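Common to both upcoming complexes is subunit A, partnered first by subunit B, then by subunit C.
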Partner chain A sequence: MEQIKEELTAQLENPTAFTIPIFGGIPVSQSVLVSWILIALLALAAFLMTRHLRQEKPGRVQLVLEWFVELINGMCKSNIGGHGRSFAPWLGTVALYIAVANMCGLLGLTPPTKNLNVTLALALTSVVLIYGAAFRFKGFKGGFRQFVEPVPVLLPINIMEIVIRPLSLCMRLFGNVLAAFVVMELVKLLVPAVLPAILSIYFDIFDGLIQTVVFVFLTALFIGEALEEA
Partner chain B sequence: MLDIDPYTILWTVVNLLVLYLLMRKFLFGPVNAILDGRAKAIEDGLTQARQQQEEAQQLHSQYEAEIAQSKDEASQIIAQAKAQSEALYQRTLADAQAEAKKLLEENQERNLRDRENMLRSVRQEVAQLAVVAAEKVAVDSNQAIDSFLQEAGDQK
Partner chain C sequence: MLVAIGAAIAVFTGIGAGVGIGIATGKATEAIARQPEAAGQIRSSMIVGCALAEATAIYGFITALALIFLA
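Then we have the complex of A and B:
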């Protein structure tokens, strides 16, 4: 039991992969390294798959790409409205990143989203997007007015939400991935074969995709709320 | 496990921005361009089809009007021709009738003249014959008288 506990604690650490020896050393954590690999893979895949796009008679790969882009566009349009298209590429990028980050456990990599700092960074960018949207599309005054809507009494709650929203986004993603990771590690320690493979379908693929959808959907929902015409 | 590491946060934000730029360049940009292009092509096709339909409708009504007009014109021409031919017929008939009447009158006149001429010549002939006959009778009666007288004288 002690041994399991020790191993689990070791697995939950976020070790530094290496340190860039400039400016007194910039540490690069394992999560960031894995992210780089995933980004490289995503970019390569996107580059290879979009080389021969055709307007008429699209191929199978193109149909999948079109399906994905239209899914993101539609999601943004229905939740954000007229300005949805401006946010679609970013939210699509975030969706791709979270999805591959959650599922890269299948490839034997440690999911970057298991690191609280990664999910925190994701949540921070979302919050910048959510509160920046009103400033961008409703002007400086409109940007501040979002804190006194729908009624000025809600001002304190609206201000608290600036912290609560990213915290909940961050913790939800982190908690789910961490829990899945812990459960998977425990199962792997107890039953090394077959069962982890079956469970990983649920924890890595299903839960990973669900959390991706939840994160992106909530971000879009909050942006739509901020841009809503009062 | 729950320690905050500013470097990882910063790196992740940078990673996301880099991934965003890459995805926009290689995924969302091209695919959206294709989707927009297709939507535009379809819309253009629809607009064009609608326009062509309108044009066809317009041409159709134009042709119909033209056909109606031509029909009107045709019936007008036919009526005119009928009237013309009727007039011509009437005139020709009248002419022919007049001609026939004239011919008939001329014939009658000639016939009358001929008859008169004939009558006159017959009368002359009869008169001549009468004269001849009278002469003959006169001669014969003279002879008869002579012969009578001679006979009577002989008997005495």
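Then we have the complex of A and C:
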């Protein structure tokens, strides 16, 4: 018990990878470093994959890209409605980042989403988007009216939701990645060979993708709710 | 010792989430069997329901972890 506890505590820490030697040293933590690596890889992939796009006879890569863009566009349209197209690029980007971040354990990197601060930042951007959407598309007055809908009595509950929504989005993503990680560590302790490899397919790939879908989907759903009858 | 028991009780929230997700998935399957053309909409509302139900299990799990590591 004590040994497992120490092992887990050591794994849960977010060690400083290196320090930028300006302004008296800015510490860069491991999750930020891994995020930068993933961002660089995604940017490189985006650049390489979109170089030879053709209208006639699209290649295999282009078909996959078109499938993904169609998927995101369709999801935004069916959940957000008329303004859905404006949110598709951001939701697609977040989906790509979370999916890659959840699955980068396969490459031997520590998933950044295992760090509470990363998921909290993602959830905060989502919440700014959700409440900002009403201000953008319904005007200043309409933006404030979203807090007294459907009836003004619900005002305290609506204000409470501003805190609860990012908290639950962030805790869901963090908790799932962490739970998968802890279970994997325990299995590795009991059965060091074969079984962890099979389980990692479920925990790293399947669960990672499901959480990506849930995060993006819930954000889209909340935006749709805020923009109702706009 | 008592901390471990407390953590174990916190993890019991998983029962609720399991039952909830089970019921939601069962009903969704029934609904899709009855109306296959509405499968897309049923699936999306099921995913949201499952995500919300699952959150309770996650909260319990985080509480247990906090008990073990912080107490």
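Here, the second predicted complex is superposed on the first by the 228 of 230 C-alpha atoms of A that agree within 3 Å, B and C clash if a C-alpha of one lies under 4 Å from a C-alpha of the other, contacts with A are read in each partner's own complex, and residues count from 1 in each chain.
Keep in mind that, in the parts below, contacts are C-beta pairs under 8 Å (C-beta built on N, C-alpha and C of every residue); 3 or more make two chains touch, one makes a residue touch a chain.
Since the structure is predicted, the reported quantities are computational estimates derived from the model, not experimental observations.
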Will subunit C clash with subunit B on subunit A after the two structures are superposed, or do they fit?
-> fit
Just subunit B (first), just subunit C (second), both, or neither: which does A:26 touch?
-> first
After lining up the shared chain so the two structures overlap, which partner does A:121 touch, if you call subunit B first and subunit C second: first, second, both or neither?
-> first
Who does A:223 touch here: subunit B (first), subunit C (second), both, or neither?
-> neither
Give one of first, second, both or neither to describe whether A:47 is in contact with subunit B, with subunit C, with both, or with none.
-> first
Dominant contact partner of subunit A by residue count, subunit C or subunit B | B
A:180 contacts which: subunit B (first), subunit C (second), both, neither?
-> neither
Working from the superposed arrangement, determine the closest approach of subunit B to subunit C, counting only CA atoms, in whole Å.
-> 8
List the residues of subunit A that touch subunit B in one complex and subunit C in the other.
-> 9, 12
Touch list for subunit B against partner subunit A, complex | 1-5, 7-13, 15-16, 18-20, 22-24, 26-35, 37-38, 41
Residue set of subunit A touching subunit C in the complex reads 1, 5, 8-9, 12, 78-79, 168, 171-172, 174-176, 178-179, 182, 213-214, 217-218, 221
Spell out the part of subunit C that touches subunit A in their complex, as residue ranges.
-> 4, 40, 44, 47-48, 51, 54-55, 58-59, 61-62, 65, 68-69
Can you list the subunit A residues touching subunit B in their complex?
-> 9, 12-14, 26-29, 31-32, 35-36, 39, 42-43, 46-47, 49-50, 53-56, 58, 62, 65-66, 69-70, 72-73, 88-90, 92-94, 96-97, 112, 115-118, 120-122, 124-125
